[in-house]
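Multiple structures are listed underneath, in structure tokens.
Common to both upcoming complexes is chain A, partnered first by chain B, then by chain C.
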Partner chain A sequence: MQYFTQLLISGLAIGAIYGLIAMGFAVIYKSTGLVNFAQGEMTMITAYIAWTISTTVSGNVFIVAIGAIIAAVVLGLVIERVVMRPMLGEPVFATVMVTIGLAVILRSSINFIWDAYPHGLDVGFGRTIVRIGTIGVRTGQIAVIVTLLVLLAAIWAFFRYSKVGVAMRAVAADDRTALLMGISATRVHALAWAASSVIAGIGGVFFALSYDLSPAMFQLGLKAFPATILGGLDAVLGSGLGGLLIGITENLAGGYIGSGMKEVAGFVMIIVVLMIRPFGIFGERDIERV
Partner chain B sequence: MPTTIRTPKSSAAPHAMPAPEHLLEFRNIRIVYDNAIEAIRDVSIAVPEGGIVALLGSNGAGKSTLLKAMSGILYTEEGVVESGTISFRNEEVHRLAPDELVRRGIVQVPEGRRVFPALTIDENLQMGGYTKTAAEARDRRETVFALFPRLFERRDQVAGYMSGGEQQMLAIGRALMTDPVLLALDEPSLGLAPLIIDRIYEVIARLRDEMKMTVLLVEQNAQRALDIADYGYILETGRVVLDGTAKKLAANEDVQEFYLGVSHAGRKSLRDVKHYKRRKRWLS
Partner chain C sequence: MRTGDFKQTYGELVTLIDSPPIWLWSVVLVAALIVAPHVLNSYALSFLMIILITVVGALGLNILTGYTGLISLGHVGFLVTGAYAYAILVSKYQMHPLIGFLGAGVVPALASLVVGAPSLRLKGLYLAITTLAFSFIINTLILEARWLTNGARGISVQRPEIFGISFDGDAAFTYLCLGFAVLALFATLNIRRSRVGRAFVAIRDNDTAARVMGINLHAYKLFAFVTSAFITGLSGALYGIYLSFVSVEGFPFLLSIEALAILIVGGLGSALGAVLGTILIVLLPEATRMVFSLFSAQMDAMFTTGAQELKSMLYGLVIILFLRFQPRGLVGAWHDIRRMWVNWPLRY
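== the complex of A and B ==
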């Protein structure tokens, strides 16, 4: 039982990171209809910037957190303005190819700007172990699960109650009519890219806190993308929960069946789920393109 | 002899003299899609302040294209205003972004209503008031609910489940949220029951009479439109073939035959219609 709980909690913790990045995918898809294949790379860059702030400016948790959020906003806005906006109105396939190209560029920029060695992000937080009963949990793991839950609630409220949130849903549903109502689609897209970059970036920073920074970190995106598909590409909250599901499945399979299964288990589950619900667990039925 | 044929020049003529103050004016406009398809050819239309102008014509005549140009959303369909101008209050507006046009008071209710189906009625209205401050939006919302009490009753329901008539009311209400000076309606009677159409047209008349709104009405249903309008234009394959006061148009034999379905000569075969159209095209 204790072994199971331990697996469950670490599964939830890594799942929360997948979930955050998956929500990044979903926010962009929901308001622009695009899959951003550079999501994992953007996550990695934000984490590296957080590390740079912690080593050069200050190791204070709050300064690093605020600095990383600002950096993520800027990163999202710049990519939207410079790369994505000129592609507006072009075929979806071409635009998605652009994000793949962007991914490769961002990936190698790590080697140009930083280096190829692994680094630890140390902000004096996250690696202490707390005991709950007989189970040891790292504070970073608790923090990432709490952060995911708080963000899930905040995003739900944002889409439900705020004018801009409702406008994002309106643009996603019918962008031309939204234009007729005076809603600027480009502004909504810019906001989506910034928000997505921040949400995913938070996941990246938490990953760096619990594990390591390395140029291979972009693979988080490859793990998180299935979480989005599982939850529903257009379902932001569903993607968050999809991440948790993948994290738990991975860990339980790795713990009980064998470590080789860990990499595969998530994908096996996705194939099974998509056979039954091709639009994801929480997705809307009428999605027709990926 | 059934027809007197007019050249498009007669429609352009009023602008040759020193123009009276028009709220909205299309002047010698030409619109091209995809750099290849000419949808509108040398069209001039004037909408004076405070009245209802009807834009009539069959499918594909270019009525919706003109409205899209007015709202600045042609670019979403690769369309472009190649030459000519659209002016609103004597300022050129055909290069402005859609949200700027809404801020200036031009709004359109798109064809097929286009309510946001997954949003509630209240949220749909909120989107109409997107360019307004919270206080202004609250005021507008009350005006809309006073006009359409039905929307108030169902304000928390999802718009996609409403009937066609209710959706049309919501679409009009949503447009009114922008506090427009000029309200353009694209086929407001499309797919609605006659009784519902009556209600919609009552509302349009009230908007003109009580709120002093200027209305640009695009319709295939010429009878309805000419009943309410002050002035009308008839579009055919991208150009104005006829214009005049609504009374004059309704009395015109051509219009009666081809748009109002009134015939003086008994039954007509389709061949006559085709022949007439061909002849008219040659002569214009």
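== the complex of A and C ==
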């Protein structure tokens, strides 16, 4: 039973990271209608920037956090402006391929800007172990679960009540009508990219806190895919919860079946989910009118 | 008098080669390819081999992504199953190489049915993600099934001997690759101009309309998957033989990206494009290295240490730049040049 609880809690913690990145996918999909295959890479770069800040400027938690958020915003805006904006109005295939190209570029740039060795992000927080009963939990793991829940609530409120959130939903629903209503689609897209970069970046930084930074971190993006699909590509909240589900499944499969299963549990789930509900658990069914 | 380019019968429209100069140049090209293995040094010959092997794989993906419009990010999954099927049949069970090649086609084709069937309900992005998942699942399966695949240790493969002809030497092996490349080229060209090919393109252009016209979407999509996987698997087997060693590491995920880059650079949905794209993408890293090494020896050293990273960076850049500035690929550029050559100084 203790083994099970331990697996469950570490599954929740890693699942929260997947959830954050999956929300990043969903935010971009919801407002621009494309899957950003470079999400994992953007996450990785934000985490590396956080590490650079912690080693060169200051190891203070708040300075690192603020620096990482600013870096993530800039990264998202630059990518949107330089790479994605010129592709506006092109077919989805082309824009998605552009994000794949971008992913490959960002992925290999890590080795040139930083290096190929693993690093630990140390901000004097997150690695201490707290005992709850007989189970040991790292503070970083608790923090990431709390962050996910807070962000879920915040984003739900943002899309539900704020003017900008409503504008984003409007662009997602029908960009032409939204334009006629005086909403700037390009500005909404830029905002979506920045927001997605920040949300996923937070996940990346938490990953670096609990585990290690390495150039293989982009695989987090691949792991978060199942979460987004599970929750529904257009469901931001669903993606967050999907992340938790994937994290738990993966850990239980790894713990009880075999370590090989841990790597692919999420992908097996994708295929199963897509066979049963192709639009995800919380996603909207796509009705095609002829 | 005949002016311009026009067709009078349907038969003329689907002929493979419709003008004498193209016949002439094709013959010249074939002759050059036959002579090449005896003239080129081993360094250039290795590039020729890689190009021919990659052409087979690119043509395979072209059927799925170029003709039918189904994006596949799991191309490398079919390559690796093909390579393993060949290696297991020939190296492990000492079967005839031709049976090995048949297996290298049939096994990925069966695998494609498994991934294709659930994908039928999906479109566009979702399909890309399922195929991506498929390629990761395949890798894990191969690593786990140690009794069959030797797990991470891989299987070593000899160059084959078919009907007493040994393909051990580089020149001979190049001929084998050339044979497969030509077969694959004619297969795709003939599929494209048949009823099946027209159905594929109809599905790509508008699947709802295609369905209304009476095209069985499920059957044709599955057929596209199977043919594509068959041809790709052959390419995988050839690549395994070329590497003389089949392992999961020999087939990195980057190959999927490379295959898509080839199609985009060449021009989606064109066999000629797949060939041109392959030539450019295979030679690009080497050409870039040469250009940079002219500037300084330090650059040259960087290329040898970070070869894999620079390669993927180049692929990424090429994908983005082509999609941005020349979405029709090299074939599109070639058509523009040809039109300009004929019509100059008039625009039309």
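We take it that the second predicted complex is superposed on the first by the 286 of 290 C-alpha atoms of A that agree within 3 Å, B and C clash if a C-alpha of one lies under 4 Å from a C-alpha of the other, contacts with A are read in each partner's own complex, and residues count from 1 in each chain.
Just so we're on the same page, contacts are C-beta pairs under 8 Å (C-beta built on N, C-alpha and C of every residue); 3 or more make two chains touch, one makes a residue touch a chain.
Note that this is a predicted model, so its numbers are computed, not measured.
> Given the superposition on chain A, are chain B and chain C in a clash or a fit?
fit
> Should A:Met275 be classified as contacting the first partner (chain B), the second (chain C), both, or neither?
second
> Could you tell me if A:Ala178 is touching chain B, chain C, both of them or neither one (first, second, both, neither)?
The first partner, chain B, only.
> In the superposed model, does chain B or chain C contact more residues of chain A?
Greater contact footprint in residues on chain A: C.
> Of the two partner chains, chain B (first) and chain C (second), which one does A:Gly89 touch, if any: first, second, both, or neither?
In the superposed model, A:Gly89 contacts chain B only, not chain C.
> Does the superposition put A:Phe206 against chain B (first), chain C (second), both, or neither?
In the superposition, A:Phe206 contacts neither chain B nor chain C.
> Look at the superposition and give the distance in whole angstrom between the closest pair of CA atoms, one from chain B and one from chain C.
Checking C-alpha atoms only, chain B sits 14 Å from chain C at its nearest point.
> Report, in rising order, the residues of chain A that make contact with chain B in one complex and with chain C in the other.
No residue of chain A touches both chain B and chain C.
> Contact residues on chain C for chain A in the complex?
Listed in rising order, the residues are 69, 71, 73, 118-119, 121-122, 124-126, 128-130, 132-134, 136-137, 140, 143-144, 208, 212, 254, 257, 260-261, 264, 306, 308-310, 312-313, 315-320, 323-324, 327.
> Under the definition above, what is the set of chain A residues touching chain B in their complex?
The contact residues of chain A facing chain B are 89, 163, 166-167, 169-170, 173-184.
> Can you list the chain A residues touching chain C in their complex?
Answer in residue numbers: 34-35, 83, 86-87, 90, 92-94, 96-98, 100-105, 107-109, 111-112, 222, 225-226, 229, 233, 258, 260-261, 263-264, 267-268, 270-271, 274-275, 278, 288, 290.
> For chain B, which residues are in contact with chain A within the complex?
71-73, 75-76, 78, 97-99, 101-103, 107-108, 110, 114, 116-119, 123, 126-128, 130-131, 174-175, 177-178
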